[in-house]
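See below for the structure under consideration.
Every chain is named by a letter (A, B, C and D) in the order it is written, and numbering of its residues begins at 1.
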């Protein structure tokens, strides 16, 4: 197999080669081109897939990368087309984007904002990427989003759940398909009320950084609204691995519910520790003690093993959904890789398609044109039902899944079962909601 | 020249030449060729080379000369970046006040930490500095979020006051750092045949500062102060009985190298106005230690080479993916192509850490003096028996 | 009161892990004078011995389940471990259930082997080299080891549960006269503490009461003199390295049910264990153990809600803060000897 | 009144009385030897003089000022230089650099920021260092890496480093230990020459009686931490107490 080379400027590859050594220097100002950064001029267009390849989220990053490769295949008309067949917009023809073949470069975010920006910068400056996408944490998403705004390229966020990404740190060139902390709270609360009653005392353990704060706030406010009481909220360091000293005092506090506002390794460890301490076998205030994990990731849940059984949480998407879009995606991903995709893979795949579609509809790669095409865009057939890319904050509004750990998993991928598909209306909020206060989109930036 | 002896002056000139022509030297492969992947001549990476070069030069003033191994130097880099970003937020997007404040803040921070840590020596000193840096990181990531931006890092916002620039945010875009009207990201491209060379203002700005920093470090190495520092490393007891008080010398070296780190941090923020707490994590402190050892402890140019090597691997090797590999080896028959790709694949892309680890081990096993020694061996191999090689132009590696 | 007892238990448990790693690290410092940045990686390899053994035991073949389909619509299959075929389902499943304790037997030879190979193949050549070189080479080795593990096992944590018999928790409070459910503690953590105590005791007894141990202790105190006596100290030091590796590895094996192991767990522990060793005092084995437990307990207290409410962020920095205070008041840590790693 | 006055100095290490009621007076421009068997407290006494140890009680006055509570570098700045038993030099530095450091210390005090002026530009100090090197016959080794020199050269270098400071008092801790007889005689000659030329006070700790009797004008015999006798070399030679203390060890 032989793929084309990855170049900055397609022209150079085909033209200008003859007499290379003798050619007189041509001076180009960076502001030349067609009025925006990295305008594709040849027969190809380069996208930048910036995912964590090292560090704790490397497996999630690997899954994102698989999804992107699949998306590129489908955009270029290879493979079975996946969600292109179910997507409500029919602008994409399977001949690349605007007739240009899609090529891509990859980089490692290391789940550090510095490294992620370095990697994104090299994609923009060296490889001529016209869009950056990916990532598995909000810190990285916010950092790269700001960079893309400055550089004048589009950023399609990967997995990022913090309210801030489309709240106080939103940017005109950035778009998020993934759901957020507020939506988790809004979707979870009714289900929790139905299952555990409206008279509960909750104890929060919260990862001591931005995402943790917004998630704690979201869950607190939505559970308190239905009558729960928050006994305590304790912050835990990011680098904590053993949560025993945070878990142990929970029972003594009189709480009957533990909310773990943790993600990734923190979540695996805190949940494992909580189950170890036998919290779930206890009765407090005459009720069975319960644990809640607001943001579930199937990949991560695997690390917690049997401990997730019966524990409620929310997720953006799950492969067992039975709508046409999800089925098509699972089918083509599973056929290619032999296992079902994760929610991270799904959101990345969808983001890549949405971007391509927006370019196609706008008829241009210029970021401002793409922004215009995506703002207020309504679509369906991508696995989450009818979805709106809201113009005010570039957040997707769609159904949210409430899931719980499956009691009898039939395979290593079958860890979560869908309890409820919370309709979009229930998780929609006003753009000026206090949890999203501050910050401004600004205006789109075409860059150079 | 500039008060340097001939040897040092020529070293400085060589470095200046390399830095000035880096956009050419780092882009040896034509665009579109398979080897273009190894080109490093794009602004961000070139900036990183020189910025981390400054960081490592400064670290070497402490570690290379006095032998005090600080394991918390990244804290000063982080503090410098925070200071610079705050200047951008509050004052103006001009980089000069930001960099000046970064250096001063980092220096003050280093003075406090150094004053306390230098009460101990050896590994006890290392752990003290490590502890201070880890505390800085942990607090910056969590409870200090209002000041540091926490997880997402400290960023500019449209509604920042920027008291010296009132009209800048009018377009709905955050202004970018610059120097009296010249933006750091300004660059122009020169196309020569199928080669494209990018000349970036920010890079040259950093490069000039790096050359000044390098020049100062040579002067420090050659000054009585530098000699005292080397004496501290060599025999602190004798120094004491010779009537010299080592403590203020080490403290001065600590503060100077902290200021270098602050300078690097300020420049980083000037090139890319965001300061993240991860910059202060112990791995970041460890990185500059590794850069210095990899390049050659106590040598003038070694730390810069080490910094370049690590940053190159981080940014270039990590971006090679299997697709690119297949592209390279497409000329091979299919089966062989797949085999070669399978064999190389673990070392590139997400496996870049593995390559880095192997390089560390190979360098330290076969080149005890770091890359500088490798360069000498290479020079000797080609028969150019230079009487005054870089090693004798500097001090011996650490003992 | 009950809250304090609970945090002391937590502290002892955390301290066990710190102390075990720090013990091995100090043995290597003390005997070989080597700053071993790969020691965390040995802990991690130990943990992955447990993962490997439980995977080996669960090696299975597929048996089709009639009438069911998988997510792609193909006929579904069920995995049946080979041990079921050999020992029958009942014994087979309890063997799998006991994979972690069984891994101790599996890990000891492997860890000793890893340690000896490491020492003979690499570390040996760095005795006379500067500490800076030792740091670089062992750090490189640590990266290589963890990347190899990542390559084969992925980056995500891998659940490795304790045997069924040790899951759940023990009502410690009821035993000593508190209300039920006030002081409950997981069985496995109690096991871990006991295990750590046994290992630490065994290492001390070995050094105290065997001639081998006496020579090693003498070597730690004054290597040259022992060498002059015509005793081949190097060979013994190689064995000590293997022993230190085994201690770290066993700490890792037993840790797996507490937190699911992942490839970077060694790095996570590395810095902490260095702090522990230095706070304890370079070259002092009792110091390392004492510092491990001390820091573990203080860390637990600092994570109490009541404490965090008074001093926000104290849980983030407590260990480092304590380290600074101790090092400034006691120049050579708690029990350090003069002149070890001070220059 | 001597330049160095030690009065009633006591020093205990745990249960061990290292120094007990030591009184010592070294006259200006004299050469004073302190002898005694192993473990007599000679090194402890020396360490009390240079600030490495602080006596439990008693006083040490140098040139009319107390040295107690001062750090070694402060005491050196007062005018006491010390030569160690095993040569203490800056092994990573060249011979010339080794010489320059005491020159700087004498001119600039215990700490001075010299800016970034090159060492080479300090012509005056270089001259001083060079003439001192000539005096000890080491000028040809000026650019040598000092760690690679012979032990004898190292000791000569150390001596030169001390002398270039023009100390008022030079403390020598067994300067000929481990030397061959010829080297020992050279050292004796060197010290004699120095003494004549510089009007310097020398206090010397020595085992070798040959050295002691060739150089010393007064001798203090230390045993078990207390001075036995203090007298001229002639009187010491036949002193019964000394013989007893040395148990036939004396030459």
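Definition applied: contacts are C-beta pairs under 8 Å (C-beta built on N, C-alpha and C of every residue); 3 or more make two chains touch, one makes a residue touch a chain.
Owing to the predicted nature of the structure, the values given are computational and were not obtained by experimental measurement.
Engineer: Centre-to-centre on C-alpha atoms, which chain is most distant from chain B?
Structural biologist: Centre of mass proxy via C-alpha means gives D as farthest from chain B.
Engineer: In whole angstrom, what separates the CA-based centres of chain A and chain D?
Structural biologist: Spacing between the chain centres: roughly 74 Å.
Engineer: For chain B and chain D, what's the span in angstrom between their mean Cα positions?
Structural biologist: 47
Engineer: Roughly how far is chain A from chain C, going centre to centre by Cα mean, in whole Å?
Structural biologist: Measuring from centre to centre gives 35 Å for this pair.
Engineer: Would you pick out the residues of chain D that each touch at least 2 other chains?
Structural biologist: Answer for chain D, listing residues that touch two or more other chains: there are none.
Engineer: If a residue has to touch 2 or more other chains to count, which residues of chain C qualify?
Structural biologist: 316
Engineer: What positions in chain A touch 2 or more of the other chains?
Structural biologist: 54, 58, 62, 208, 235, 237, 239
Engineer: Throw together a list of every chain pair that touches.
Structural biologist: A-B, A-C, B-C, B-D
Engineer: Please output the residues of chain D touching chain B within their complex, sorted ascending.
Structural biologist: Against chain B, the touching part of chain D is residues 50, 71-73, 76-77, 81-82, 84, 88-93, 97, 100-102, 104-106, 109-111, 113-122, 161, 165.
Engineer: For the complex, give me every residue of chain A touching chain C.
Structural biologist: Interface residues on chain A, with respect to chain C: 54-60, 62, 208, 232, 234-237, 239, 241-242, 244-246, 248-249, 251-253, 265, 268-269, 272-273, 276-278, 281-282, 284, 299-300, 302-307, 319-320, 330-331, 334-335, 340, 410-411, 413-414.
Engineer: Using the touch definition from the top, list the residues of chain A that touch chain B in their complex.
Structural biologist: So the residues of chain A touching chain B come out as 1-9, 12-13, 16-17, 19-23, 25-30, 53-54, 58, 61-62, 69, 104-108, 112-115, 117-119, 121-122, 125-126, 137-139, 142-143, 146-147, 149-151, 162, 164, 169, 172, 208-211, 213, 235, 237-239, 439-443, 445.
Engineer: Of all residues in chain C, which touch chain A in the complex?
Structural biologist: These residues of chain C touch chain A: 2-3, 6-7, 9-11, 13-14, 17, 68, 70-72, 76, 150, 154-159, 161, 167-169, 181-182, 184-186, 188-189, 257-260, 262, 264-265, 268-269, 299-300, 303-305, 308, 315-316.
Engineer: Quick check: in the complex, which residue numbers of chain C touch chain B?
Structural biologist: 35, 122, 125, 129-133, 135-137, 139-144, 146-148, 151, 267, 271, 274-275, 278-279, 282, 312-313, 316-317, 319-321, 323-324, 327-328, 331-333, 341-343
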